[in-house]
Amino acid sequence: MISATVTGHVWSTRRIDGLPAGALLEVEVDGTSGSRLIAFDVLGSGLGERVLIAQGSVAANWFVGTPPPVDALIIGSIDPDVSG
Amino acid sequence: MISATVTGHVWSTRRIDGLPAGALLEVEVDGTSGSRLIAFDVLGSGLGERVLIAQGSVAANWFVGTPPPVDALIIGSIDPDVSG
Amino acid sequence: MISATVTGHVWSTRRIDGLPAGALLEVEVDGTSGSRLIAFDVLGSGLGERVLIAQGSVAANWFVGTPPPVDALIIGSIDPDVSG
Amino acid sequence: MISATVTGHVWSTRRIDGLPAGALLEVEVDGTSGSRLIAFDVLGSGLGERVLIAQGSVAANWFVGTPPPVDALIIGSIDPDVSG
Amino acid sequence: MISATVTGHVWSTRRIDGLPAGALLEVEVDGTSGSRLIAFDVLGSGLGERVLIAQGSVAANWFVGTPPPVDALIIGSIDPDVSG
């Protein structure tokens, strides 16, 4: 998994079928020179929050029913005071 | 997922069986020094449009029936005024 | 697989359902300029230990039952005296 | 997917079972500083030809029967005159 | 797939269940500035040998029975005199 910081919200009104309801958050990956990706969020993560992200088909397979076309999922919020 | 900008169209007349009808668009990945990839598009995305892309087997598994050999799918257009 | 060194522990109290009990360890990937990731650990690996990590859906599929949203799993400790 | 240029042929007489008959072509990935990979080819692509490559399990799953240990497949030849 | 050169052997006495018998070889990926990974080997590849590696779930799915937590498999030895 990777740790990252939430940097914004992405809105995509025109989208394909099969994307579940939920937030699309832009995150900056920790330990990189600003590398960003967009992760699906079901936890209500906030701006500036440090989060844990799983990538690949494991992200899609977390959803119940037909796996959606999602390849990055926020799986947890990182507790601020004890990491690393 | 990644966000990218559509930079062109790719035509591949000589291709293997199993590639569905649809557009192959070249995109430039946001936040990189010009890194490009080619994504399958079913939304009719235009040149210069900012799009959201899912990669890996989740892209292939979105299609109905036998998953095609597609590892990058445009899953939405990014609304211009509200992202990050 | 990749080899890495355990650099810390990550706590995530607020997390999605489906993450099994076990440790989330931050590791620094060998041979990189400090590239880090977070791997699930069931071996009780310690700080500074060199470990072997499998990534992607193979990590999730190791678990019994429904594969959890885990894309990096410590699959072994690297014996200190004989590696490469 | 990625676009690349065929730079050579790779022969592997001593190989594991399950690799289908067909060509293993070395390609140089477009837009990189010479990054290379080896892709399986069923189209008879030639030296210097620009090709479209799908990577990961979608490549293996294209084959009929048991998916072979192939993680990169040439899925088409890129028409020279119309790409982006 | 990628081509690489075998640079050493990795021993992991303390490991999780499900890792098959066989060698864990450290390899240096061709065309990179020393990027290394560890691949599972069933061919008895030797030090300095150039090998072909498949990565991801296709590596795990090559094994008979329950796919092991292996994400890199040596699928062949590259014939020295004819490559690229």
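A, B, C, D and E label the chains in the order they appear, each numbered from 1.
Here is the rule we go by: a contact is a pair of C-beta atoms (placed from the backbone, for glycine too) under 8 Å apart; a residue touches a chain by one contact, two chains touch by 3 or more.
Computed from a predicted structure; not experimentally measured.
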Under the touch criterion given at the top, what is the topological distance in steps from chain B to chain C? 2
So how far apart, in whole Å, are chain A and chain C when each is placed at the average of its C-alpha atoms? 19
How many Å are there between the centre of chain C and the centre of chain D, using C-alpha atoms for each centre? 31
Where in chain D do residues touch two or more other chains at once? 56-57, 59
Circling the ring from chain B via chain D, which chains come up in turn? B, D, E, C, A
Sort out for me which residues of chain B touch chain A in the complex. 1-3, 30-31, 42-43, 52, 54-59, 61-62, 73-79, 82-84
Show which residues of chain C lie in contact with chain A when the two form their complex. 7-16, 18-19, 24, 26, 34-40, 56-57, 59-60, 67-72
